[in-house]
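The same subunit A turns up in both complexes below, where it pairs with subunit B and then with subunit C.
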Partner chain A sequence: MPDQLAISFPHMGEYSIVFTQLMGHLFPTARVFPAPPMTQKTVELGSRYSPDFVCSPFKYNLGNYIEALEQGANVLFQTGMGCRYGYYGELQEQILRDLGYQFQFLCLSRERAQALALYRSARELGCTLPLTQMLSALLLACESIRAMDRYEYWMREEMGFQSTPGSCEAVRKQLFEEIAQAHSLQDLQRAKNRCRQAAAAIRTDKPPNPLRVGIVGELYTLMEPSSNFFVEQQLAKEGISVSRVMGVWFLLFGKNHRQALKNSGPYLWHTVGANGVDSVSQSLAYAKKGYDGIIHMKSFGCIPELNATPALMNLSRDWNIPILHLSFDSHTSETGVQTRLEAFADMIRMKREEGDVANSQFGRGYRLGIHQGRGGG
Partner chain B sequence: MDIGSVSTKGVVVDRDGRIMACEYLWTQGDPVSATKKIIISLQKQLSARVSIESVGTTGSARRLIGAMLEADAIKNEITAHAKGTIARHPDVRTIIEIGGQDSKLILINGCVVTDYAMNTLCAAGTGAFLSSQAKRLDIPVEELGDVALRSRHPAKIAARCTVFAESDLVHKAQAGYGKEDLVAGLCHAVVLNYLNNVGKGKQILEPIVFQGGVSKNKGVVQAFREELGSDISVDADSHLMGALGAALLSRGAKRPKPFDCDIVDLHFQTGAHTCPGCANHCEIISFYRDGSLLDCWGNRCEKGLGKKENVL
Partner chain C sequence: MLENGNTIGEPKDGILKKQGEKMTIGIPRALLYYRYQYLWKTFFTRLGCNVVISAPTSQNMLARGIALSVGECCLPVKIFMGHVASLLGRCDYILIPRFETLGKGEEFCVRFWGLPDIVHNTFPDAPILSYNLQDHKRGSEMQGFWQIGLRLGKSPAQTVAAYRRGVQEQLRQDCLVREKQELLLAASGLKVLFAAQSYLIHDGYVGAPLIRMIEEQGGVPVFADRCDPMTCRASAKTLSQDLYWTVNKEIIGAIPLTKKEVDGVLLITAFPCGTDSLVNELVLRRVRDIPIAQIVLDEQQGESGLQTRMECFMDILSERRRSHA
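Showing the complex of A and B:
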């Protein structure tokens, strides 16, 4: 084992900043760096050493690992859990060892992510911090995730209507930089305050009743924009307000399986693995709130989301809400996704215009000043 | 203009959406030349008094040709096909469209698209499959339909995948089936593949309109009628619906001056570069008119070369 720890981990959206922050606090002497930014080369590297039919998160992760190892990493992290993703760590470690790399591989799903096991792993890696400081670092990380997810949730809804393109992204960049530098909850609070002020200053021209689309599906494809060809940005360009509940905060603290099953109404009686139930319950919530459409995304071959698909099709028919199913893998063509998205945006826009005409005709006979539009949500 | 993978279609419509001139030819991997040929042909069909007030493009080369023609509307195939078909058949509920490389199913209720599906990854239920098999059987692709209609006992051909279908076809041929039975079997295979891959789980309601290049094949039309057990209408201009839709979508655009057909004399050139900015290696397509840059695309980040202002 070399003297200095070099800790690295794969990407998922922008969450690497929080992980870097946490690891930096737990291992002050270690070199902590996220895998190099995700590029086409990452995907190619990952695909080359992955089984062809494995789902794309595996390939992206593996590409990240290889690039991180090339940068000198000697400790790699994997979360695992959920679906068969829980077994990916084992396979990835074996593939990397077969490639001849020397490293320590920490897979949280091996010990079922129990607190004691995590504590022991941290100690084994050489964390000398007292328990209280470890806990406060963990608390700061959790709060950072909450701040990130909150801002991004707001941003997805507003981004399509900003008067100056790029202003939402600039505030996000600033917030994320400050989160990466935060050493205490006070630092984080200051970052949040600044962000709130900056966000309030962003000028938007949002119509009172914009087109709204909910995004549901498999967590990695949803959260890593380069794995879904930046679907959310494309929707924003079409002037659509996007809602997505999925985020790390939701995964850590927001998930409630029993409640989600209950909220899936008549569409699911049993759990279908990972976040399949959440996809259905969230879709039903969007349908009830009168959203214009839902986009269901998954990586190719994702079983839990595949299980949820028939339920979503029934839901789409009963609630008359269009659902676009997109499946991604390293062979997916960007043009195909773009065509489908454009057509989807056109479709919900035409549908809305038709609905508005129908509503105004209906309202004419009443003339009571009752708002005939869709219910807000 | 509807610039597809296999064929390019162009129409000129008047104020009421009636087709005044039309042309249909093979793209042959060169959408710019195909477009020029179409424009020359359309111009010949029209009197000199006609001026073209707006231009719309659709199909897989919509962006490239859109830049070339300075189009007022650049629309995806689904919206364009729906628009064109609804203009002709206002009561349509289902559009089946099979083109050279992709196939679509568009569901319509009250002139509004309510759902759609496209084939993914597989070319089995498309024209490309039919034309490659026609070549194997040495029958011109235009005659496939007539040959198929002569069959009385269509061969059963595995429809799941082109590769399996092809080996099944060879097997059936070697086993002694006549050519017409093989062709009729192929038509059924295309229909079954379409219904299983594109139409899965979707309700196909009447009236049904079948269009796209493959709709010219009577054998496939007949196979659809048999498999669905319902009537299928095929418009005389079924291959032009996408172009018609694009034209209608462009209507009402405030174009500074009418479209100039002399564009065919200009020299258009495309060039592909790989951006060296980062490891993403974005492939950037630049499109030049007489040596000056018209547009470029393919860049995925802010700093790359793809922007008009910081091109090579």
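Showing the complex of A and C:
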């Protein structure tokens, strides 16, 4: 064992602050730092040492690991579930070892992601806290994730309409900083209260019936903005209210395949792996709520989402709701994505105007299931 | 619930009218057909049904499959869609099972989980006959066939007997090819182990040219899917601890198992196969003591490129044998 633990882990959106907070509590003496921020270099490093047609989260993760190891990390974390993600750990460890790095690799995938196994690996790493304190650290982390996801869900809907650009982001930054510093649930509660007040003070000029778009798809690509070229921000710039239920809270506690399968209506008979069912059931929910469009994002070759794609195509046709399928790889160009997004935004705007004209002329809503309730989870 | 095999894909008009006649079951010659063909054929024949198996893959069929599937899908699924399309209208039911797991730590690629859903969304009118292969609690193979039998209007006793026969026949045929392969392994000649999904290497259009090339070069092809699956799964542990895909275990498990007897290993994969993309990389990094090459097949390949690579590989093998002797 090295003298001092230097714990690091790959990025996924902003959630690294929660993991840093949790590890900081569990290992007070260790140096805990997330991998250096994601840049073009990270992606290049990752792709260079990855197999060709593996899905892109693998490449991002690997790039993160290499940069973290260069910064002196000696303990790396990986989890794994669902489809291919469950097998990431073993191969990534092998690739990094072949590159000549010395480190300890903790892969908490599949069977190893159970309570007892987690407890054991924490103890093996040298966590000396009593169990109660470990649990309370874990609870704090979960609550932090919930606070983050709730704020971000709200922010995605409002961000396109803020009067002063950047005010939503400022509140978010403040909230995240406070979460990173939180030591107890009371701290977190105070942070949440302050955030609520600050958010209430943000001035928006939201029209009564804005364009609304739902986002579904593969979780990593949804949650890591640098892997999807900040799609949500681009949509906000177009003045579109964005809804996305999928986040870490959803991943950990919100998934219910049986229910999702029921909610997928006639489109799916079985689960199709990972979050394929959730994509379909949420798309159907968006369609029923009268959203103007859906964006389906995935990394290139993501099998569960590809299984769901034919169902989504049928759904799009039956409910007359446009679905934009975006597939991201480490080679995807940002301009290409931007152009497609702009075209999509124009298209749904025109479709809405046409619909408005038709409605005023014939005096009845021809689209089924329209009721303009507040969307999503 | 929809999860059960007996309520999905309700019979379409016209099928019920034919109750008195012999029913025709279509089986696509793709994907796990190469693993379960004798079981399926025997089961339906024993139940008194006609069995139609789609013709071997052809250029047209592949083109049809490509047109029908999402561009990013892997090559075997495109081929599969071509086969399903060719069966439409020629049979009363098309057999499209869903494979999820064989038990704890044994999974099929997620692609197989979604097959019935891909097909029923692509062909809304296709009469799909399906069973759901899951662990024993939620639905074993036996239960799946039981439900198929009920849906076809057969008695439980008849169904169970047909299923038993099917399993026996499958085992017998597997033993036969295994024995043949044992003989090949004992023979002299440059032996090349094809470590590939059975639906890829035994496919008449994409895999057969590779085998032909190796044979033309004087090599003896042996196949990973013709080794004993149980032994292979156990020996796969020596290569990879975490691996949970059953089919991949059986493929890579054959490498340590036959390492002594074969001269080289060819990892064959299709673009962009999800499981192979990770597993083959690991194999390439961990197997160091035998010549090993990875060949990626896709829908736009020309044969001359493959030919060159095969010739090189065989040259290396023969040089290596000479220098070792």
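Here is the rule we use: the second predicted complex is superposed on the first by the 359 of 377 C-alpha atoms of A that agree within 3 Å, B and C clash if a C-alpha of one lies under 4 Å from a C-alpha of the other, contacts with A are read in each partner's own complex, and residues count from 1 in each chain.
Simple rule for what comes next: a contact is a pair of C-beta atoms (placed from the backbone, for glycine too) under 8 Å apart; a residue touches a chain by one contact, two chains touch by 3 or more.
The structure presented is a predicted model; accordingly, all values stated were derived computationally and were not measured.
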{"item": "Contacts of A:Met313 with subunit B and subunit C, given as first, second, both or neither", "value": "both"}
{"item": "First (subunit B), second (subunit C), both or neither touched by A:Thr29", "value": "neither"}
{"item": "Subunit B or subunit C, by number of subunit A residues touched", "value": "C"}
{"item": "First (subunit B), second (subunit C), both or neither touched by A:Ser327", "value": "both"}
{"item": "Partner chain(s) touched by A:Gln94 [first = subunit B, second = subunit C, both, neither]", "value": "second"}
{"item": "Partner chain(s) touched by A:Gln186 [first = subunit B, second = subunit C, both, neither]", "value": "neither"}
{"item": "Touched partner set for A:Ser109, first subunit B, second subunit C, both or neither", "value": "second"}
{"item": "Touching partner for A:Gln40 - first (subunit B), second (subunit C), both, neither", "value": "first"}
{"item": "Partner chain(s) touched by A:Leu268 [first = subunit B, second = subunit C, both, neither]", "value": "second"}
{"item": "Contacts of A:Thr132 with subunit B and subunit C, given as first, second, both or neither", "value": "neither"}
{"item": "Overlap of subunit C and subunit B interfaces on subunit A (superposed complexes)", "value": "310, 313, 327"}
{"item": "Residues of subunit A defined as touching subunit B within the complex", "value": "36-37, 39-42, 310, 313, 316, 320, 322, 327, 331, 335-336, 339-340, 342-343, 346-347, 350-351, 354"}
{"item": "Subunit C to subunit A touching residues, read off their complex", "value": "2-3, 8, 70, 72-74, 98, 105, 109-111, 113-114, 116-118, 120-122, 124, 132, 240-245, 271-275, 277-282, 285-286, 296"}
{"item": "Interface residues, subunit B side, partner subunit A - complex", "value": "60, 75-79, 110-116, 118, 120-121, 201, 278-282"}
{"item": "Complex contact set, residues of subunit A against subunit C", "value": "51-55, 58, 82-84, 86-91, 94-95, 98, 107, 109-111, 261, 267-274, 276, 300-301, 303-304, 306-311, 313-314, 327"}
